[in-house]
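The data blocks that follow each hold one structure.
Consider the two complexes below, in which chain A is the common component and chain B and chain C are the respective partners.
So, the complex of A and B:
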């Protein structure tokens, strides 16, 4: 009884328990679900959501929201093949350039929020719309095929049988967890998220942290974009769109308060896996895309209700 | 008067939170035509008792009795129906609505399903006249000062024509004049047969207004008696359960030394072109009516709001700090008046609140040094006698302990200038004494302490020098023997005082 209660009180653990339960039940009932290859495939899909949600987790912790995540993924996936210089055989220069661009877009979001005092939800939405228009002009609606060897390697290689994307997600996870729980900046993000005024009067710079925060979110979205490109081998307008809502859903499923100030990336990780698993299950039972969205919404709502996490504020 | 039946009673009520008992069998009876005082230190259970009486909380055990009848399923709605109104300590107004709309909220007169503004304004005008609210009724509450909002809050309670009126620290944000109007109003209501329950930390108000007192200590009633024949000392003894001695520490004999702050032509927010200075080793008080620029003076010196000065010298620097980090780097710290919104990150733990300004300093190679942090936190908790587990969220603490946390977080940076805004508001007497002693020690150690306060005795007995602000300008600067309640209040109200050097 006590164990059950402590699981219900701990959102990351609750989400993780749910993932394990769903995996066990689905493996026993559905043929092929429990295969190593299938589970590995689920994790590989989850890694893109997980990486995009890394930045989103930080932003939500600080009380904001980033609606440009999907657009930044698309920008990275489309621009990377175009800007990778031909003289660089490794392709790393192209990746670095693309990530710098993604980070700068994030920095722009942060500047709008910090200096112009535009609410983050408006700033990032406007940015997303702006980028989408720009991409239609640049890419003209056609898909861009990648030939950058580093990106292809990232999307296709399996060192020790583990897809490189999952390894990349593991590295990102460790970095984000350390940032939130072991670095001063993580504590500052949380303090700003819970009470920006008190944080400011305690000597925490809102400007500096806002700029840094949205830059990080842009960077992580950029990394997710590189990974998506590697897995798809093609970039096209709209490739990043599915990752906007899933990144927010993964954060919320992981128990991070959408109001800011409370939560952890440790919950977002199982949150991302849960989302992918649910999608896979819904595909197995042959539900239509309409039902898929309805079940998504129902799942997020019911998880929130189970843990009752927003009520105690 | 005493043979009348009580309008509202609590009988042997118990109430706990998360297994932590707050009220342990409390009785209280409110009679018509009597002003009843409820006293107790912070954390004694006053707020919980009020919430039980107003139906906001249900007792775990015991009952609420209205007109001799047990209330049964008691809710805020049934409390309102029974004519019980509460003026909350925490303001419950909606900033964007007008004065009239706020006062009528929840009890709007209707016509054809729409709000009948004519009737509303008529009803509201009456209660506004009673509380001395002269602002236009369609003015948004957001445009009012804190004291005027409190007055609207009182009018809102009166609008429902209550038989029982509960006032939870109504004067903490009122000016002396507004408090006087409220006192007259209470006398009128009392004579009309309203039962009043009055909660305040200001004992002189309690003595002037109330005829009966219930004292709570640790969730139990330690006194329930008539107020006649009890002096302030006696009341304090009932509250703390022992002799109090002097509340204020003696002034130190040491003379202030080097100038730490010197500004000329200083403007910030409501403050207009004033000169101000402070030396190491002194406690400078800033007085005045509510909202005359006291807060803006502190915030401007702290770099938290835009400020300018024709000449400024602040601890070896020749200019004003442009932002909070610059102020902190120059050894200036600020403790805000509104702990819950400005001073503390409420949902976070005591430990994270204390460590917030020191995070960067304690980090090694970019990572937080947990053992150094917990050592520092334990140290500060001991130094300031913050009791209990430092992992608890600060919102679970009493006002006094919260204030200690708000102060504690600044000690590690060894500040040379402390700016404090009403540091003892809503703080119990025992903690007040601790804070006063701490501030005096800071001064003795050669720091400069600047304290804005709405509590005049505090300015008189604690400070070495008092600057009184009025409409953003210095109305008087009082020193040593010239500091008296009369001089401060007089200057604040604009009355000419002999001997006050303006």
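So, the complex of A and C:
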């Protein structure tokens, strides 16, 4: 009884328990679900959401929200093949350029929030709208195929039988967890999220941290974009759209308060896996697109009712 | 006597504060409308005016729906799907045994019901509105897709003519809805929306049923969004399960342009209406000047940011002096 209660009081653990429960039940009832290959595939899909949600977790912890994640993923996935220089056989220069662009977009978001005092939700929404228009003008609306060897390697290779995407996700996870829980800057983010005024009076620079935070969010969205491109081999307008809502949902499912100041990336990780598992189960049921959409929304809602509730006032 | 005069003074002070930021907006809107009338004199004829207000009307409705949500301290990401659902229900029911009256009732009831359910989840189960409406947008989209997988359905011609013909019915309807909003604001429940959004704890201690107020606000918001869908269906003569998608973003943009704040209790309906008018004029002007639709996205992004940033910067500049 005590164990049950402590699980319910610890959202990351609760989400992890849900994932394990769903995986065990689904493996016992559905043939092929519990295969090592299938579970590995689910994790590979979750890694994109997880990496995009890494930036989102940081932003939400600081009391903001980033609605431009999907647009930045699309920008990276479309621009990377176009700007990869032909003289570079490894393709790393192209990746670096694309990540710099993604980080700069994030920096612009931060600048808007910090200097122009535009609320983050509006700034990032406007940025997403702006990028959407710009992309169609730049790329002309057609899909671009990637030939950058480093990107393809990232999307297809399996060192020690583990997809490179999952390894990348593991690296990002460790980095973010250390950043939030073991570094002064993480403490500053949490302090700003909990009470911006108190944080500022204690000598925490709002401007600098906001700029840094949104740049990081842009960078992580960019990394997710590179990974998506590697897995799909093609970039097109709209490729990043699904990741906007799922990144926010993963953060909230992981027990991070949307109001800021409370939460951890350790909850977002099982949150992302849970989302992908849900989508996979819905696909198994073989329903029409309408019913699939209803089930997805309904499941997110019911999962939120279990794990995402704000405390009573 | 003294009580009345002091409450009168308080009312004036609050209205004055709410109006302060709007003066500039009224000027900008007026300038844009005049510019539009000079560029396209056709708007001054009866038919031109009717067509112009018909393009504006659904945007005004969703701006009101979004402003209502923002006044309670939330935000809705399900406005677009609700517009689609309203259009789909109108197009599937009006040809059947329910007829036009039944169809309108079905649309209105659906909007009220979905809004109320969302409100109950947000207010009583204490989930953030942005997440609930996010999940809700999937469910509503799904329902619309099941009811009408492909664009189609049927709207009687006379209804399309009446709502979206050559008479400015839409403008009159908008005036009517604004009057009803004014009457609603005069009731304790309507006043409670501002109070509950601005300071929920204070409102609760003053005896306002905060939860019930929120549920009502959500229900009315859902109703407005679905009615916008009904109008869009009448305009196009058929239903389309994804026709409402752009309205989510545009409703937020219009409300923000109109000076409605995100934290609840800040802003006015007249501001939101002006914001939607401004947005509608700008979209029309860009369309007629031959901008490609994608350039509209770019311009819209810039406009939204500057709409919020410019007043803030002016404020900061004044404070520094």
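Please note the rule applied: the second predicted complex is superposed on the first by the 307 of 313 C-alpha atoms of A that agree within 3 Å, B and C clash if a C-alpha of one lies under 4 Å from a C-alpha of the other, contacts with A are read in each partner's own complex, and residues count from 1 in each chain.
Throughout what follows, a residue touches a chain if its C-beta (ideal position, glycine included) is under 8 Å from a C-beta of that chain, and two chains touch if they have at least 3 such contacts.
In this text, all values refer to a predicted model and were calculated from it rather than measured experimentally.
**Student:** Report clash or fit for the pair chain B and chain C bound to chain A in the combined superposed model.
**Tutor:** clash
**Student:** Give one of first, second, both or neither to describe whether A:90 is in contact with chain B, with chain C, with both, or with none.
**Tutor:** In the superposition, A:90 touches no partner, neither chain B nor chain C.
**Student:** Of the two partners chain B and chain C, which one touches more residues belonging to chain A?
**Tutor:** Between chain B and chain C, C touches the greater number of residues in chain A.
**Student:** Just to be sure I read the superposition right, which of the two partners does A:156 touch: chain B = first, chain C = second, or both, or neither?
**Tutor:** Touch partners of A:156: none, neither chain B nor chain C.
**Student:** Once the shared chain is lined up, is A:145 touching chain B (first), chain C (second), both, or neither of them?
**Tutor:** So A:145 meets neither chain B nor chain C here.
**Student:** Look at A:35 in the shared chain and tell me whether it touches chain B only, chain C only, both, or neither; answer first, second, both or neither.
**Tutor:** Neither chain B nor chain C is touched by A:35.
**Student:** Looking at A:187 after the superposition, I want to know if it touches chain B, chain C, both of them or none. Which is it: first, second, both, neither?
**Tutor:** first
**Student:** Identify the partner contact of A:288: answer first if only chain B is touched, second if only chain C is, both if each is, neither if none is.
**Tutor:** A:288 contacts chain C only, not chain B.
**Student:** Quick check for you: in the superposed arrangement, does A:203 touch first (chain B), second (chain C), both or neither?
**Tutor:** In the superposition, A:203 contacts chain B only.
**Student:** When you line up both complexes on chain A, which piece of chain B, out of 133-141, 367-375, 439-447 or 493-501, runs into chain C?
**Tutor:** Once both complexes are placed on chain A, chain B clashes with chain C in 133-141.
**Student:** Considering only the contact definition stated at the top, list the common interface residues of chain A for chain B and chain C.
**Tutor:** Shared contact residues on chain A: 313.
**Student:** Report the residues of chain A in contact with chain B in the complex, numbered from low to high.
**Tutor:** 178, 182-184, 187-188, 190-191, 194-195, 197-205, 261-262, 313
**Student:** Would you pull the chain C residues touching chain A in the complex into a rising list?
**Tutor:** Answer in residue numbers: 75, 121, 125-128, 130-132, 134-146, 149, 200-201, 249, 252, 256, 262, 292, 294-302, 304-305, 308-309, 312-313, 316.
**Student:** Note which residues of chain A are touching chain C in the complex, please.
**Tutor:** Against chain C, chain A makes touches at 65, 112, 116-119, 121-123, 125-134, 136-137, 245, 248-249, 252, 258-259, 288-298, 300-301, 304-305, 308-313.
**Student:** Note which residues of chain B are touching chain A in the complex, please.
**Tutor:** Where chain B meets chain A, its residues are 302, 304, 323-325, 327-328, 334, 336, 341-348, 352, 355-357, 359-360, 363, 366-368, 409.
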